[in-house]
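Handing you a structure now.
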Amino acid sequence: MPFDWMKIPYSLLTLFIVVNYGFFLNALIQKMGARAGRRYGIPIWQNYVDMIKNYGLRSSITHGAMFYLGPVFRLSGGVGLLLFVPTIYGSYMFSNLSFAGDLILALYFIFFGTLGMALGAGESGHPHAAIGVSRGLAQVSTAELPFALAVFAVALQYQTLSVTEIVAAQQGGFLQWTLFTNPLAVAAAMLGFLGSMMRPPFDVVIAPQEIPIGPPTEYHSAYLALMQTNRAIFPIAKIVIYMNLFFGGASDWPTFFFKVFLIYLWSAFVGVVFPRFRVEQSIRWFLIWAVPLGILSIILV
Amino acid sequence: MIKRFLALSLLVGIGAIFVALMMSYEPDASLNLTARYYAENTASETGSANIVTAILVTYRGLDTLGEVTVLFLASSIIGLVLSLGNKQNTTLRKLVPVGELLTTGKSYLAPIIMLLGVYVFVNGHLTPGGGFQGGAIIASGMLLLLLSDPLKHFSHALISLVESLSGFVYVSLGVLGIVLAGSFLDNRILPLGDFGDLISAGAIPLIYSLIGLKVGAEFSSMLANLSEMEDLQ
Amino acid sequence: MSTLLTAMTVVLCIAILVAAIVSIQVKGDKSMSIAILAAGLVSLLASVLFLILAAPDVAMTEAAIGGGLTTFLFFFVLARMRNGEREYEEANHD
Amino acid sequence: MVNAIYIIVAALGAAFLLGLLKSEKRGTAYVITLFALSVMTWISAGWVWAFVMERAAPVDFLTGGTSPPFSINFRMGLPEAVLTLLASLTGLLSALYMKDVLCALGQRAMAVLLVAVMALTGIILTRDLFNLFVFFELAIISTAGLMLLSEDARALAAGFKYLIVSQMLSVFFLIGIIFAYHATGTLNIDGMATASLGLKAGGAIAFFFLFIAVVAELKPFPANGWGLDIYESAHPGFAAIFSAATSSAVIYAVDKLLLIGGAEWLPMATGIGVITFLAANLFALPQTNDRRLLGYSSIAQTGLILAVLGQRDILGDNVLYIAGGLLLSHAIAKAGLNWISGLVAGRELPDWAALRSRPILVFAFVTFIAMLSGLPPFPGFYAKWEMVRILAGEGRIALIGLILLGLLIEAGYLFRWFGYIIKREVPAQSVRCSPFQISAIFVALASGWALGFVWGELSNQYFGHDNLLLAIPVVFALTFLLLDWLPAWVKNSIAIVGLSLFFYLTFSDYDPLRMIFAIIFLIGGAVILLASYDSKGRRIGFYPATMLMFAGLILLIRATDTFGFFAAWELLTIGSYFLILRGKHSEPHALSYIIFSLGGAFLILAGFALAAQGAPLFNIDALAQLTQPLAPWVFLLLAIGFMTKTAAIGLHIWLPGAHSEAETDVSPMVSGILLKAGLFGLIVLLMTMGKQQLYGVELTYVMLWIGALSALLGNLMAIFQEDAKRLLAYSSIGQMGYALFGLALMNHLGWLMALMFVINHYIYKSMLFLSAGGVAKRTGTRDMYRMGGLITLMPLSFIATLIGIIAVSGVPPLSGFGGRWIFYNAIISSEYRLPMVIIFLAGPIAFLYLFRLIHTIFLGQLKDEYRKIKEAPFWFILPQMIYVALLLAFAVAPGVALRRVDTYLNQIFPGGGLQWTGTEISSAYGYWNPVAIMIIIAVIFGTLFAWLLFVNRKAQKVKQFNIVYAAERPYRPETTHFAWNFFAPYRKALGFLVQPFATRFWDGVTNTLHTAADISRRLYNGNGQSYAFHLLSFVVIAYLMRMGA
Amino acid sequence: MTYIALATGFLLILIGFYGALTNRNLLRMIVAFTIANSGINVVIIAIGYMHGRTAPILDATVSAADALTRVIDPVPQVLVLTAIVIGVGVAALMLVFAYKLYERKGTLDISKFAELKW
């Protein structure tokens, strides 16, 4: 099979759009959270400023090879995740590199960045980094569960692992969305979603109050810039999967922006309302509320 | 008490089996297969008048050899047991006063008793009695000697010579049976002679005499060994 | 004659059994010697029984060995153990 | 040939002759004794030769000039010849062994010894009932006499107790004889048999007494306290005779008696035998005195043989082969063990560690316990196989169960003992022995192996099985015993070449499925062996064990019939046991390994036997033809057996210790390679038998659950481990759970996934174990929290671990992802939702422990004590790098291995396979392009990496403590390395799931057994009178049972 | 007559066993066993006995020709002879053992010789 070289510029285009949208959305959500807390919040362009500043900085220290690789792994994970899933349904241009693998690939690639991040943080030698990683992994492993269960329920429902085919099956009116054809799975996935967004109440892992200088703080300058970029890409990439699997996908960019915003908003909304959990509490929470829903969704498919 | 009760109840159980055995017992009206063969053929085959002796020495000679060996074993082991442990303090035993009658009687009686023993086993194939009885009688002669003279030490060498020689010859005679007559302990290595004579019945008298000597020697050795035991407090 | 013999046998057997019971049940000072003697008596009486049962060879043997030699063996050993006599009482005092 | 009576004559003549010697001439007397025993041995050996080589017919020897019913006769046939040889040879060797004590005690002792041996041969040879009694009495009296040879003052009391019991027995014997004589009119055993004693009035009771009197000599439960006392206090030289020769002779006497009693008495023999076997083995468990333990074991073995004799109604002519095999194994082993016990100064089992100063004695010991446990290649193994086969064919399942249970218990305490020898501290008093004593043991050792060969040949001749001692892999493995004096690197080279060569010569024999296993076993084994070059010195015992394991593995995949399969299974079990036992602290773990493995093996044995329905040769493929109601049971037994090896949850408790405590290069072997044997078994099972239902339950469905639970709990337990190798071991449980799950799915993709796991697990688990082992070797600890920051010191180990954990976790782009992908495709088509969910839960958990593995060892803070350590040895790194290359290659081109298997699986599961178009792999549900994934990720990763490198080209490495730490700079690495109890929140939340339920359960089982045994053995209170009570109770109970039956 | 003797023999055995089971004194146990041995001898002889016949010895009154109808079964007698001798051998042996045990411990109580157990 000859490789279609045009895929590369198209993918880069997708990447560009998503990065920008990610920066925008991050700031927007942050602002909304601040307003809900009767604070003023950051300017919308603050993230751009930070990123540009960080990219401009030159660090003169490193903790070793893995320290380098941490952000690299991280960003590769985010970019890869985005590119392995078609962004816009029915568009050749924005189907990205999804020919390389199906849903399973995306599902497992989520861990790529997590792993790299954890490794890099570990290399820093800072105990808080390790504590954060240990908490993060513990939490993420259970937070991803309901999502994984829901994803598989959907795969079972549509008898396919191809994202495109799943989206295709949801076309023809919003009642065809998985949200309505398999509400249990969606509920489970949306609960899991809360955990993987690293927002309250599940943000003890990177909580500034708990761990004054967690993993991200050991990174600075370009390292931090890479991670910030990833922070813009990764949530969107993840939401794209949600959107495709549960909310009928998006066949054009406006729909895309709208759906992604709403899904993102959901996590922000919950985060504003609820207090923070300790890790074992959140593990229990996922196991008690989200996982059973996921199990039910699989059994009832 | 519990032990006695347990013992009794167990024995009631065993007794019940015995009763069952007795209930099923039916006395024979005529001799069975084996006994009939012996009754009919002993005289012609072995030339022995005493069927018991004939069986003991020839037909079931192997048993008898084993039996002699049992005594040999017992006396060896007794010797072995007593040779173990401390031998150094051979304290003299308090002498039991020996009666006048015994001391004078022994010098006359002992030889006669021993002769009687010899008579019994030599005539084993003709009359009741034989090697075992004769041997026991010889031993009682020795016992008399021991009783009358508690300090007397028998010549262990002599006893064991008799014991070993007679045993060895006994076994050799058995082997001769294989060589000359075809099977172990066959008495027909010697002529059967006239029925009822002292010198008859082939090797039976010879073997029985050897048995007598051996049994006598074994018992004597046991007694001698026992008499040399030390007193224990 | 047969009846007489049977009666004699019965008496003899009873005697044997009595001697045996004495032998195992006797208690007291000289109990050990009595037990040995009673056992010897059992052998001797049994040899009479053997005679009645037409087994002269066995009778001789039992008398000489069972009744005689064995009893002497017992006494030989007993005599070597000063406390052997008293043992019985101690051993069964529980 | 020489008249058999000369055996008796020689002994008696010499015994009487000894009396003629002066008591000073002990040397001469000793020579005469030896000469007489040699003559006896020689005569018997001549007869054995005549029967075996010249096929002579049995011969009767007369005495007293008359033919049998009227006089005593001896019979010499093959069994008699063998047994007299056994008795006289044991006597001869024991006489050699006891030279000192015999010479010290003089002629009388020698005479008693001669008579004892003579009596035993008499018991064997005679065909006359009363003569049997006489020989019995001789044996009893001489036994009591030979007790005096012992230095143990308590021996005298033991002898007295024995006399008490035997007095009672002789009364019963005589009652039996006279009433049997009265009923049949003969004393001849054959005559009684033809006169059918049992049918005569009173005959049954008479026989009962005969039977009881003889059987009681075999020390049946509970009337056997006296026997134990004899074993415990006798001189070991005599104990050898008592155990080997006396038991054998008496067993043969029982056999003769059963001729009279006929078939109706067989159940009783079986019953008494089995109960004794079980009770004695059970009581042996809490035993600490070595000789008493041997006594219990002897009693148990004779019980087993009695039980086998009781099965002669169905065993038929095979009884000679089976009982003979068991009997000779027992006799040789017990003689040998008793002899060895005389060389050991202490009387506690751990005192036997003294044997370590003499490797030949250790080898002898292990040979003997293998013979006792019925392991290949010894006669007991063949006997066990045939016995179970025939019993199963006749439906005597309960008996099989009891026998195998007893064997398992016995193996348990014997191997525990072996563990003491290998692992316990060597006591101050070393082994003391004379050349005579060593040579006696050596003869036993040699005859054990020789008999193994003979039984193998017989097995080949009568049942068509291969002689294990002729199988090339086994011969190759055993050769290493002879080569053990070579330096390790030479042996290692031979081993590697041997494995590779064998693969080269045979690779065309395997179908694609077996090919995968052949490659892993042979080539994979060779690769792991590279790490063994690191060992210096001679490494005594390592190579025979390793090669035995590999021999078993390779024979396993080459086996075509159930016998070959089972034999291979046991071989690999033993080999791996020795390997595992070599670890520093592996004593208890090796023990639980062997017990679980043997338990599993016995289930497999029972399963095969049940399947064969008595057929001597049963092809594995024929399992497919089994039908209800048998098939599901066979399936169940085999499946549990195999799952023991794959450490399915509940049966897994042996694995963590066994794998983690093993030596560095052994852990990858037992984890990466050995576990695959269980999977291979399961594959064979499922391939032939498919889905089975038992009481409406789909058995593969149950397996699915087990697989899922193993995956979940194995992973969960792994995350809480502090010990690196333990963590990897638990991870294996989880991985095997995945593979089991895949197989149990019973569809094309499920199997493909299982096979993918087979390959992957071999590669990454071997690699990770080597890596962790290398680190442990350098740091001297396996506790991960003691390490940290080793990445700079051991970069290659780090890379191996990094690649390993990416592969294990299934993160793209490495090969683990392929496994997961196939896995999801496999389950999407299946209906089993719940177990699927369970195995889902397991997925992310793996990630946790893997991260912990790499983080706490290589990242974080370097400890002061490890600042100077070096990279792991070259020979550890080399295979790791090979594995890295393999993983990358397999990740890009999984088709190399999988495509052929995929095609092959179409034969078993038509359809549902994968499509291989170019580099893309697709199923009915999804698709996957490993090459594309690899390239995409590499490009993204490379770009970012390059950019970062460019941007930070001037960056300097900061000092270790140059981190901000609550406004202070830490100075001690200990305080800054967060590693211990790494997943504390997880434990708080989910710790309840990893409560050691299985461990507690199995502990409970063993504790119950031990306690029960410890309480019940108090029955043997040491009082001779109580033993008399036991005997009479035994008689009464036996009678009641007999009448009740 | 046979039955009387048989019953006597069996009773002797039981009495002997009872004595052996209830007396703790080693010597008394041995004595009890000799009684049991006598009992078994009586049983064997009783089995061989046939009413109205004579001992199996050929002499003036019983010729070889009519032995078949006149003599009783000789076999049990042979067996008993052997049994008696064996019995005395064992008894002697036990006595010496008892003596040695007494020498070691100064007691004849069998329950004191229970070091070997379990």
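Couple of notes before you dig in:
Which chain is which? They are A, B, C, D and E, in the order written, and residues in each are numbered from 1.
We take it that a residue touches a chain if its C-beta (ideal position, glycine included) is under 8 Å from a C-beta of that chain, and two chains touch if they have at least 3 such contacts.
Model, not experiment: these values are computed from the prediction.
Between subunit A and subunit D, the least number of touch steps comes to 1. Counting only chains that touch, the fewest steps needed to get from subunit B to subunit D is 1. Set side by side, B-C and C-E show the greater C-beta contact count at C-E.
Separating the centre of subunit C from that of subunit E, both taken as means of CA atoms, is a distance of 11 Å. Mean C-alpha position of subunit D lies 50 Å from that of subunit E.
Centre to centre, using the average C-alpha position, subunit B and subunit E are separated by 15 Å.
With centres set at the average Cα position, the gap from subunit A to subunit B is 106 Å. Shared contact sites, meaning residues of subunit E that touch two or more other chains, fall at 7, 13, 17-18, 21-22, 24, 37, 39, 47, 55, 57, 75, 77, 81-82, 84-86, 88-90, 92-93, 95-100, 102, 106, 110-111.
Among the residues of subunit C, those touching two or more other chains are numbered 56-57, 61, 65, 69, 73, 77, 80-81, 83.
Contacts with at least two other chains are made by residues 130, 134, 137, 141, 144-145, 175, 179, 181-182, 187, 1029, 1032 of subunit D. Going by the touch rule set out above, the chain pairs that meet are A-D, B-C, B-D, B-E, C-E, D-E.
By the touch criterion stated above, subunit A contacts subunit D in their complex at residues 1, 58-66, 68-69, 71-73, 75-76, 79-80, 83-84, 97, 99-105, 108-109, 111-112, 114-115, 118-119, 122-128, 130-131, 133-135, 137-142, 144-145, 148-149, 152, 155-156, 159-162, 212-213, 217-218, 222-223, 226, 278-281, 283-284, 287, 291, 294-295, 298-299, 301. By the touch criterion given at the top, residues 1, 4-5, 7-8, 11-12, 15-16, 18-19, 22-25, 27-28, 30-32, 34-35, 37-39, 41-42, 45-46, 48-49, 53-55, 57, 72, 77, 80-81, 84-85, 87-88, 91-92, 95-96, 98-99, 102, 106-111 of subunit E touch subunit C in their complex.
Only residues 130, 134, 137, 140-141, 144-145, 153-154, 156-161, 163-164, 166-168, 170-171, 174-175, 177-179, 181-182, 187, 225, 228-229, 232-233, 287, 292, 1017-1018, 1020-1025, 1028-1029, 1032 of subunit D touch subunit E when the two sit together in their complex. The residues of subunit B lying in touch with subunit E in their complex are 3-4, 7-8, 10-11, 14-15, 18, 22, 25, 27-28, 30-32, 34-36, 38-40, 42-44, 49-52, 55-56, 60, 63-64, 66-67, 70-71, 73-75, 77-78, 81-82, 84-85, 127-128, 132, 195, 215, 222, 226, 229, 232-233.
On subunit C, the positions that touch subunit B within their shared complex are 56-57, 59-61, 64-65, 68-69, 72-73, 76-77, 80-83.
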